[in-house]
């Protein structure tokens, strides 16, 4: 890459740019353009935009994309229909009369038991749970991954293996012991307790990702920092962190989705005034009062999914890049 | 004082009924913090139990009457209400007295029964029968006889939700209706496995098989969806507890006019004295303990009993209240209660574990036409034999 | 020049050890401790509350005598096998399609990935709605005049698990596709060129050359899918509730129901122990090879 | 006979024109090296010939056939890549046979070809191993083998040695040369290492910015580079460039190097007229300079030793000559120390003179 | 004075013993090069000295202080890595000041040191750039600068040039040499390129399999390698090895090379007795051989030209001498063609003789 650069740097009168200008055209071995081109294929291979390959390629992609979009479409369309239309019509038909009534109802009017304030109540709670959980779990997992990848110590791999196996344990199995543990340390029912639970269950996969990511960074960088006198935390904060944006994006996306969508822990480890949005959603969807209001349910469903969805739409590209960095090393 | 009350009453009729409690409680200067968890007892109970065992109990919580909370009581996690009960003379006012027995462990009272639920009802849509040119049936047998004609008319004869407890309920109801309360008591109460497997019970299982056929086309999950099928005329009838009545009321229908109800399927008119009860977990906070006492009294107070049960469609636990506002079906129930034709619920007689096993069996049975009446009877008997 | 002795071992890497305390605590206390506790109590007849009334293997006998458990296991096997195979195959195919330097790659990728942002509850509800014979696909097709068309996977006990599968795949293939895409992008351009010069058709290049080179990615993908499969619960609850009947029960739900619905903790613990056992038999040797023992392999 | 012909080849990546109406004829059995700095378009040209890139304009002929639109496999070429691009999960044998199997070559024919290739390359003992179990040099041989079994007329090499260490590179260079002498196939070889180019090539095409600067035999390019770029790019240690100005004409012409130093041009074979007063760059390679402690009879200039780099057989002596720094290659036996005053003699037969403004050789 | 002392150093990775009771003394201001093939433990040794690896046994002293258990930062060393390991998110200036800030060096002192280092390395114009905006050579200089600002006695280099292309490598080699002449710090330099070793080192330690084979000045190692390995590893093109057998004793001793060819040993300075009948390997470098078309007066042997590799200034001629293949370096002006019959003359002062069984020099 740098041959031209070297020449420039040499203390010479010779300039590479100049050379390029002066030489152009002089040294090509004989022949004027066109004079020697003979019969037969010439130039770019002809390729139609509508080649068979493209039809198959885009055709498949579009069909699959439709399959993926179908549920979202149905949800959105249904959420904008009135109940009579839903009962009569087909679920794929666009609404004849667009109404946002269901959205309003889902957000602020739907009842659970005596509370008729829809999802709105859960939204703030969800945010309150989400932010500290995401932050804490990512901090801990990234430090773990860093320690495992760069500061190997005896037993580290063993604990890590246990952690990975732990990722396969169904949550239900752990609920009881965790309830007891939290009770013993007096954190049951508090926000702190829930944050800890999210941190614990996010740990295996996140640690795996961070460990792989840090392990894929050049080891010499780490050594250079040690020679420079940086310690464990200085290397982490000053060297590793600034280079880890992609994997942090992945971790944030995974955690935001996971924690926002969590129902089980939210309902078991908190009380009603802290219930997250998903619990509210469950309540709305399951408290059928008379006729099931599908439109309200769908609106509530979309509203609940809005936060993780927008995170994906905004940072999907970074996600792909980061996941490549964190997952390639098995 | 704020008192958090958890329950799983979230359907229309139920929520309206709970509101009565809340209103009465708030009137005492306290505040009812509603902790509804939608779904069913299955969703809500683990949360409640975790909260209680996790050391962060709510102020009061709903449980089904019976043995569900037994271990919590034994573990000393529940508040002893004996003094309040004695002060309120519950022993005298609660009718039938067996209700209070279910709240009693070692002579101490731990819960407030709030209503009596009876499961033994067949709910019918009158219009459907008229349109099909049929009489509204008077009992199960007539209903079965009418089924083919209904099916011809494109109507599902029997609506049935797919949740396990519903199919299991249908079976129990058929058992009591077809075989009578004595056999029921022997099977569920005494766990008489021999009887359970005998010919005496065979008609029960055949009736269940018949019900299975009649509900083949009923594609709904929850009970109120099934009730809704009856209300809207998609189905002709449903075997369901008296809480279904709340749905009919919410839909603006009147008993005897748009719909009919047949207690005990019109065959053996008895009422299960099961129902819901509220427990009060032990807490350290004196203010909350105080408020718990207030709530217990409020729930047992005659006015609240009437208001609540009218909305809920169930019967009050007190024999001394005025129920002039009660409707046709409720009155039928009251009459039966007055006659003393009561039986205990399976929840009271068996452990939750055995009940679930029976539920599972009937879920399987109702969904798998290849299981014969004979097979299911054999397996039923086996569960009864293992039950405690 | 004086010779000095090796200083104490424990304080080397001290910061790292301190930093790893949360992980060590989680691994030991929560995962090992919690698991041991669960296994211990699976030998009791605990009901609502854990109690040390040991009954030997009674819970296990009952577990294996229970039709619901057997069906759960079968369902998990079917769901797991299909989910694993389809997610990998479909994920890979989509990634391969997206890797053809196509236009709108970002758009397609986002479309394939977005379901992963939604919870299983939402996924289950959406697909329950679409597969509902009275409103969804079946009704629509019938409405178009095909009266005899039947498509009601959620209401047919024989195929209900495949109905769940449709939703499950919809949810997870996007993520797998992302992983695969990342893997494909990591393959040396020269390999493709070499294959073209050798005249190897594209699909054979994928099959015999590229896929074997993506072992690491497949491992990660399998970990992700498999850990999800074992835990599958929300989806079932939201979509079928285990029905019709018990035809779509799964082990995680069995555990949950046993513990909280039947209030038979012992039974629930026994079932979870069986699940753990199978996980351990499959995962531990693999995890050891993959993560333990060996030194850094960068 | 012409083996590969490139006619007016133009290649664009989007709007970036990487190759500009490039023409190139390679005769049968010739070993042609494409040499140039990184990014000059060497690989791109090779990929065009191989058919791995769709060209924007022009034509390509191989063995007289117009292959402009042919698939790579149908062009009768074999290619060896810098990273070797061996299929990692297949054994060496499978790597060699895979393409043939797919082309439907009969089993015994495949066996025959593999036997021949592995004999030529001496990789028989490696046939059952996987690429990961091979050393760099062995991998390289397998990569060549994969091209060899295809039984083609033209071999394309894209920097096949640049991933190896210096020693191995030197050895494999010789092997490649031998291979070419045995096989007599046409070979096109991309590199940016001029030693490889000089030792291997029948002809070298020096490229820069997508244009061939000079296409000639190695020693011609070495001794008579057509411009400053070629002069500076070829040769290591590289040519000394001394900017100066012509004084006088004809046999009296000298190059004035400043500070009173000048070199007489008598003996230099100029390609054109050398005008008085022209600004020039005087180029001379380290090995065409002689250093002596005593003044010699011929024209010599005084200089001071700055640094001595022993390189085994000989040493590189860095001198300061008035305003210029320059290097001289000497026998290791000549002992010089920094600070020594010496005399430098120029070998004008091997010197080059460039016009300072056009940078072309005069 | 001794600057770095390694005593009985042993290092194991698990059960793999990479370094075996290794001893090494480096005096102050010395430029020591660790040379050896890939995987011989060079980097490992350097990392041990730097304190980046926890050694299994032995002691390390730097500037007289026992630093065996010190942290890298407390050892008074600076290190330059193969990949440079510049912190990608920091500017050049930040890269240089990072370590100093951590050490709590006052602001103006930091500024002073950066100014000095960037002056020495001429990187002032780059201070505000990020590493990604630098060329390879510039990065390398910044990496050296990072060691420089630490104001240490000992510099450690781990193949700092091997990521660069040949041309740049040659230039930076000279710069490094100059730097050492200016700074006079102790430098330990790891490489597997013998040209680097020969040009840079005051002394070279040739390693193999975790053991130092020979530790001496470059020309001694070049001319009098202690064993076959060192002889073969140093020098490019490498030494010719001709297996043979001793006939006769004393001044009459000859090496019989088979097929009636033999070389008289008169003039060879043997380190020990040369026994009659001993199996030996006769080693001679390509540049210590002379090829002539006519028989010469001295002892010469007939050979046939097999291949000629032109390398610019000179050519490498591959000969067949009886059963042996060998290479000879000649001036490019000598025109030889494959098949030519020639005579080879040996320079015995520069030849080496090895015991075939022990592989040690005789």
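Letters A, B, C, D and E name the chains as they come in the text, with residue numbers starting at 1 for each one.
Here is the rule we use: a contact is a pair of C-beta atoms (placed from the backbone, for glycine too) under 8 Å apart; a residue touches a chain by one contact, two chains touch by 3 or more.
Going by UniProt, the chains are A = Carbohydrate ABC transporter membrane protein 2, CUT1 family; C = Carbohydrate ABC transporter membrane protein 1, CUT1 family; D, E = Carbohydrate ABC transporter ATP-binding protein, CUT1 family.
Fair warning: this is a prediction, and the values are worked out from it, not measured in the lab.
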Shared touch partners for subunit A + subunit D come out as C, E
Hop across touching chains from subunit A and tell me the fewest hops that reach subunit C.
-> 1
Going by C-alpha centroids, which chain is farthest from subunit D? Tell me that one.
-> B
Max contacts between which two chains?
-> A-C
Closest chain to global C-alpha mean, per-chain Cα centroids = A
Between the Cα centroids of subunit C and subunit D the separation in whole angstrom comes to 55
Where subunit A and subunit B are represented by their mean Cα positions, the distance between them in whole Å | 46
At what distance in angstrom does the C-alpha mean of subunit D lie from that of subunit B?
-> 93
Distance between the centres, which are taken as Cα means, of subunit C and subunit B, whole angstrom = 38
Could you check subunit B for residues that touch two or more other chains and list them?
-> 46, 53
Subunit C: which residues touch two or more other chains?
-> 12, 256, 259
What are the residue numbers in subunit A that touch two or more other chains?
-> 1-3, 175, 282, 285
What are all the chain pairs that meet the touch criterion?
-> A-B, A-C, A-D, A-E, B-C, C-D, C-E, D-E
Contact residues on subunit D for subunit E in the complex?
-> 38, 165-167, 170, 173-174, 177-178, 181, 192-195, 198-199, 218-219, 222, 234-238, 285-287, 307, 309-314, 316, 318, 329, 332, 338
Would you tell me which residues of subunit C are touching subunit E in their complex?
-> 1-4, 6-7, 12, 295
Along subunit C, where are the residues that touch subunit D in the complex?
-> 188, 190-191, 193-194, 196-201, 204, 208-209, 212-213
Contact residues on subunit A for subunit B in the complex?
-> 111-115, 175, 179-180, 182-183, 186, 188-190, 267-269, 271-273, 279, 282-292
Footprint of subunit C on subunit D - complex, ascending = 47, 50-52, 71-74, 77-79, 81-90, 98-99, 102-103, 146, 150
